[in-house]
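What follows are several structures.
Look at the two complexes coming up: chain A is in both, with chain B in one and chain C in the other.
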Partner chain A sequence: MTTDKIITIIEKISAKIQEEKLFLTELDNVIGDGDHGINLARGFSEVEKKLSTMGDKNPGEVLKTVGMTLVSTVGGASGPLYGTGFMKMGMELKDTADVTVEDFVRVFQVAIEGISLRGKSTTGEKTMLDSMVPAKNAMEEALAAGKSPKEAVACGVAAAKEGIEYTKTIAATKGRASYLGDRSIGHQDPGATSFTMMLEILEGEL
Partner chain B sequence: MKKFINAVDQVENEMIQGMVKAFPQYVKKLDCGNVVVRTQKKEGKVALISGGGSGHEPAHGGYVGRGMLDAAVAGAVFTSPTPDQVYEGIKAIATDAGVLMVIKNYTGDVMNFEMAGEMAEAEGIKVAQVVVNDDVAVQDSTWTVGRRGVAGTVFVHKIAGALAETGAGLEDVQAMAQRVINNVRTMGAAISPCTIPAAGKPGFEIADDEMEVGIGIHGEPGTYKEKMMSADAITDIILDKILGDLDYTGSEVAVMVNSSGATPQMELFIINNHVADVLATKGIKVYKTFVGEYMTSIEMEGMSISLLKLDDDMKKLLDAQADTPAFKQL
Partner chain C sequence: MIGIVIVSHSEKLAEGVIDLARMMAKEVMMVPAGGLEDGDYGTSFDKINAAIDKAASSDGVLILMDMGSAVMTTEMVLEMRDDDFPVKMADCPLVEGAVSAACDAECGMSLEDIIEDLATVGQIKKLS
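Then we have the complex of A and B:
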């Protein structure tokens, strides 16, 4: 994946987030404060404006800019979390000009560590990490088993979706949903959902 | 959705502009975003910054002024402000004595303020922080993000702000803010939800004969639903929870009966009538009472009760002069 491809993927992620803005917000309404889709959509609109000027930058710089833009425009919890994730991936890619799925999985691991640290969170707390971590593991295993990059990401998407289902079964212990205690059980986590949408876009572009 | 607004994406900006136009003698807006700072910058003393999502007016912009805050950062409605907004606020008010960030305990607020604090420290600004977590409706344990910061935050602004005005150092102001946090407890209930302008519909549904007990300040549901009850009955439930959480025996307290936005003073006074009676029977002396809109949730019908256990230092600072758009004690 070269810079052009990365920009296309981010644009499609943005389009998807705009399209699902109300659905994500509705999920957040039930267990949070009802702004997840609205905030992410606002951030990705700003990201899109920046992308048009990024054609001559390397993929790492593009992702860093995406992250910084999300941090400075989204607010809430998802801004620092997704922002940190994209920034970490960008920094970790350094000057790689053509990003393979192997590279992606490697830097995604660093993104997960950054998100975990920023949110002081781990899996099992009904957060985006419950989709991210299984997705990363599934992609690693698939690649190690010799599957193609597209198949590997498809395995990641399947694991991320299972992660969403898993978030329905547990009570939140992080984020605003944690205030509901057991009342949060039965509802899927909006962050795990938005992440899964993003990974699906990547799969579709391979 | 019916609201007196022009465009959902202009709500925060137009509100701040209107506020600055109403109170130019107190506050001005920074060009970079929805950050208000004192018109007269404080010099040589610890400066205080707070903020959070919009929708809690008069918190926090209404508390910017002499004796309380130096800056308030307003995020989108119910959404934490971004780190660069907070950073701009810190830079605008920073003095050699340092800056204290008063953060309400929400995942997003804590993350965004901490990132801003790190940016400011990298620029050589002395920064300290306290995290307010006064809501006893939420279970506090190592397994949760802990209690929410709600109306008790206003006491932190008042008392820490008063101490900063005396020229006390950053560590002392931080310690006093923490002392207030350690001694204040709040809990609320709501009978109708509020609507985030950008969402266009209410954050939760509630039947005509129900109330949300343990309500938060972001239109999020409470910790449980109850059948609608009398003012005295819900006041008893809230006071039981607060008094069971901290030993107020024989102490003097400041009381705050706060409206979530749509509950009128009539009902707040009815609630306070019972609060005062219950405290009297328990031998808890009311030193000062605040009744009104201090920490709202847009147009939610609801209220919260806060009790701050006072000592002599806190009493003096609570009584100190404050002159801000929303809090005057002259």
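Then we have the complex of A and C:
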């Protein structure tokens, strides 16, 4: 994936988030402060404005800019969390002109570590990590088993979707939903859901 | 004297916390960073950054936050700044912490001592 491809993927992620803005916000209305979709949509609209000037940058710089833009424009927890993730990937990829799925899985691990530190969170707390970590593990295993990049990301998407289902079964212990305690059980995590949408876009572009 | 920044998802809450703390501390520079640029709920990287600039003091700047993104966004602002004065976040209840910090600051306490003092604010019982 060269810069052009990365920009296309981010644009499609942005379009998807705009399209699902109300659905994501509705999920967040139930167990959070009801701003996840609106906030992410605002952030990605600003990202799109920046992308048009980034054609001559390398993929790492593009991802770093995406991250910094999300941090400064989202306004909710998903800003610092996704922002940290994109920035970490961007920094790790700084000298890579053509990003393979293997590269992506490697830097995604670094992104997860950054998100985990930023949110002082781990899996099992009903957060985006409950889709991210299984997705990363599934992609790693698929690549190691010799599957194609597209098949590997498809395995990641399947694991991320299972992660969403898992978040329905547990109580939130991080974020605004943690104030609801056991009352959050039965509802899916908006962050796990938006992440899964992003990974599906990547799969579709391979 | 240190400066104080109040970070909240709510513009009104950040301003209100400062109004309340101001009753006991007239001189301290306290700057709100509440809500988004358009006044909607959320935390703004740029507002927090600008509030630190405004509260800047060679004695340091203390930041109190409400929750979630208020904490995370402030962390990211601090990681990106390069100040020649100390800027620190305190881990305490927002309202009581702001009143305590404003009194301490007005008395000329150091940033380190104020943060140490704020660590006890969350332990004070209201009903016993």
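Keep in mind that, in the parts below, the second predicted complex is superposed on the first by the 206 of 206 C-alpha atoms of A that agree within 3 Å, B and C clash if a C-alpha of one lies under 4 Å from a C-alpha of the other, contacts with A are read in each partner's own complex, and residues count from 1 in each chain.
Methods note: a contact is a pair of C-beta atoms (placed from the backbone, for glycine too) under 8 Å apart; a residue touches a chain by one contact, two chains touch by 3 or more.
This is a predicted model, so every value here is computed, not measured.
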{"item": "Room on chain A for both chain B and chain C (clash or fit)", "value": "clash"}
{"item": "First (chain B), second (chain C), both or neither touched by A:181", "value": "first"}
{"item": "Which of chain B and chain C A:77 touches, first, second, both or neither", "value": "both"}
{"item": "Touched partner set for A:35, first chain B, second chain C, both or neither", "value": "both"}
{"item": "Partner chain(s) touched by A:173 [first = chain B, second = chain C, both, neither]", "value": "first"}
{"item": "Per-residue contact with chain A, leading partner among chain C and chain B", "value": "B"}
{"item": "First (chain B), second (chain C), both or neither touched by A:118", "value": "both"}
{"item": "Superposition clash, chain B against chain C - the stretch among 135-143, 207-215, 243-251 or 261-269 that is involved", "value": "243-251"}
{"item": "Chain B and chain C footprints on chain A, overlapping residues", "value": "33, 35, 39, 71-81, 118-119, 175-176"}
{"item": "Residues of chain B touching chain A in the complex", "value": "53, 75-84, 106-108, 111-112, 115, 137-139, 143-145, 148, 196, 198-199, 203-204, 216, 218-221, 223-224"}
{"item": "Partner chain B, residues of chain A touching it in the complex", "value": "25, 29, 32-35, 38-39, 42, 71-81, 118-119, 173-176, 178-181, 183"}
{"item": "Parts of chain A lying in touch with chain C, wherever the complex brings them together", "value": "33, 35, 39, 71-81, 83-84, 118-119, 175-176"}
{"item": "Contact set on chain C toward chain A in their complex", "value": "9, 36, 40-46, 67-69, 72-73, 75-76"}
